[in-house]
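Look for chain A in each of the two complexes below; its partner is chain B in the first and chain C in the second.
Right, the complex of A and B next:
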């Protein structure tokens, strides 16, 4: 067993355990911290795939988002513990159907992907390659996403402004 | 030490052997940085600073302080969230020490030469605020909660100009790799090409470090000690340690990005690179102290206005101008 396998197991376990604990923890701050565990493990997995740029961006964006979410969690939830036990929903058997369906779809999707014949050399100039692809081949989708984000930003400002007046 | 090898036990052990002395070096640096800060502060305020413990210059003052902190009773408030209260100093310290891995101190002394060094630094250092917020929340105290909230708002706001101001450097160097960035400054340091970027980066780094004039998270006249109110003993020591290690990293990063890292100024090539790095680093570190002792604290709304209406537009304009001039000249 080489180190890569050990790290893969560690990171994927971290991602899964973090995701499960987001659902299990009853305190919002705890749930968010386990989401941090998931995100950090995900970026570890990206590094194992030599997608270092994606890993860095993942950490940068999600850690900021997590801090903001944590502020909301602190402001919107009471610090008193042990009162939310009643609210826990019992496991409902019909839920099994969508879960299995989703699993089949994801499994089918992964199964359909055929890896490229010759290995692509990502490795060293990862950032450069991503930049080149975004600004040549995927130019229009990239611009569309930026317009979409801008629209969302303006919408958020308008909604917040309305509340004030 | 290269990262091209597959992960293995020998690689881990060799890194471990290099990292532990470095950790000890950083810890002793922090010890004397605190002493230096107090001595400089004393001189600037026309008093002598620590001068009893360890000779005339108070050389053992910080060591004694650390021992005092370690021997103190470890108090945890009754209604605090015990688990997070214990974990948040660690959450604050780990990112501060992790970022040191990519900083190239000299041509040969660097732990990890990764392609996205700069992005790694920014990404990991943005994690350190989580420790502060959880610490403020877990203490279950009004003051520490307000301190934690302020820290989150401030560090997120100032992270944006911090990142935007280094985009100009990335343009000029054409890489996110810190070694390439230092290599591109062989003849001219980036502070000459990017003066605006340097000033914005410097201001934003002072704010990221939560130091005066941006120390609202621990403003002692309003919040007692901010997010640190309930912490005592070695947990407080770890928080302080994280702050100073982060300051070490920030000063080293400023040196690498804008002051040419280990490169000498012309005609002084006989002085080795490590000493050049140390000189530039100490200059930055001293100016950080200097600012702390001479500026008053700014108000919360001024803090936010300054970031969003001042630094961010200027840094965006700086990016555009850099791109245009770069295109015209090349």
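Right, the complex of A and C next:
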């Protein structure tokens, strides 16, 4: 049992516990904080995979920016505590069908993946390699991202402004 | 591989020290201070304003727009980093790609500016 295994267990436990507590907590802010635990643990998992750039992005974007966005979204909405647990439970049982279906699909997807034969060289120039790939092979998706971001920005402005005036 | 992981030992040490600092200082303080008998420890200090109403109120959607602007330009910076690192190998074409990307987001910023999102009301 070496350090890699210990930290893998720690981070994956953190990710799973955080995800479970998102569902358990009744208060939205607590649920968000446990989602942050999941995000941070996932960035730890990325570091274990020697994907340092992705780990940094995970920390910056998810546990930084996305969390702030969701926090503002929580502040915007009225906290409705009216839905009781009993009422929710009645609608819970049919949900098991899509969950099982999703599990089968994900299992099939993971099962199909064959890992590369030779071990991939760990990312010494991780960021540089990603940069080269983005700007040569994945150029069109990269430009589509800017369109997507623009659409999100303009959509949010239109929605928020209509409410004000 | 091991040298890669060993470089993270420093971060783990830093994390442990950072975690133990507040825990240690708070528990030492709890151990040293006399136990308080009367209530009123939660009262605001030196005739501050007494808290009233609920803190969970509905905020103006303008905050959300600021947060969204922040997230969008955060993502832009994330894409700038690998471009800047690999700039020597990529050359002119990537520069034009990046200009298009930046121009798109600048257009969004100008749109937000024109719609008076940046002004507080």
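Everything below uses one rule, namely that the second predicted complex is superposed on the first by the 137 of 165 C-alpha atoms of A that agree within 3 Å, B and C clash if a C-alpha of one lies under 4 Å from a C-alpha of the other, contacts with A are read in each partner's own complex, and residues count from 1 in each chain.
Definition applied: a residue touches a chain if its C-beta (ideal position, glycine included) is under 8 Å from a C-beta of that chain, and two chains touch if they have at least 3 such contacts.
Computed from a predicted model, the values in this text were never measured in an experiment.
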{"item": "Partner chain(s) touched by A:101 [first = chain B, second = chain C, both, neither]", "value": "neither"}
{"item": "Contacts of A:33 with chain B and chain C, given as first, second, both or neither", "value": "first"}
{"item": "Which partner reaches more residues of chain A (counting touched residues only), chain B or chain C", "value": "C"}
{"item": "Touched partner set for A:131, first chain B, second chain C, both or neither", "value": "second"}
{"item": "Partner chain in contact with A:153 - chain B first, chain C second, else both or neither", "value": "second"}
{"item": "First, second, both or neither for A:24, with chain B first and chain C second", "value": "neither"}
{"item": "Which superposed partner A:142 touches (first chain B, second chain C, both, neither)", "value": "second"}
{"item": "Which superposed partner A:53 touches (first chain B, second chain C, both, neither)", "value": "both"}
{"item": "Touching partner for A:6 - first (chain B), second (chain C), both, neither", "value": "first"}
{"item": "Contacts of A:63 with chain B and chain C, given as first, second, both or neither", "value": "first"}
{"item": "Doubly contacted chain A residues - partners chain C and chain B", "value": "3-4, 53, 57, 60, 64, 66, 68, 71, 79, 127"}
{"item": "Chain B - residues contacting chain A, complex", "value": "6-9, 11-12, 81, 84, 114-116, 119-120, 122-124, 126-127, 129-130, 133-134, 137, 140, 145, 149, 152-153, 155-156, 159, 163, 175-176"}
{"item": "Interface residues, chain A side, partner chain B - complex", "value": "2-4, 6-7, 27, 29-30, 33, 36, 40, 43, 52-53, 55-57, 59-60, 63-64, 66-68, 70-71, 74, 79, 124-127"}
{"item": "Complex contact set, residues of chain A against chain C", "value": "3-4, 47, 50, 53, 57, 60-61, 64-66, 68-69, 71-73, 75-79, 122, 127-132, 134-136, 139, 142-143, 145-147, 149-150, 152-154, 156-157, 159-161, 163-164"}
{"item": "Residue ranges of chain C in contact with chain A within the complex", "value": "1, 4-5, 8, 56, 58-59, 61-65, 67-72, 74-76, 78-79, 81-87, 89-90, 93-94, 97-98, 100-101, 104-105, 107-108, 111-112, 115, 117, 121"}
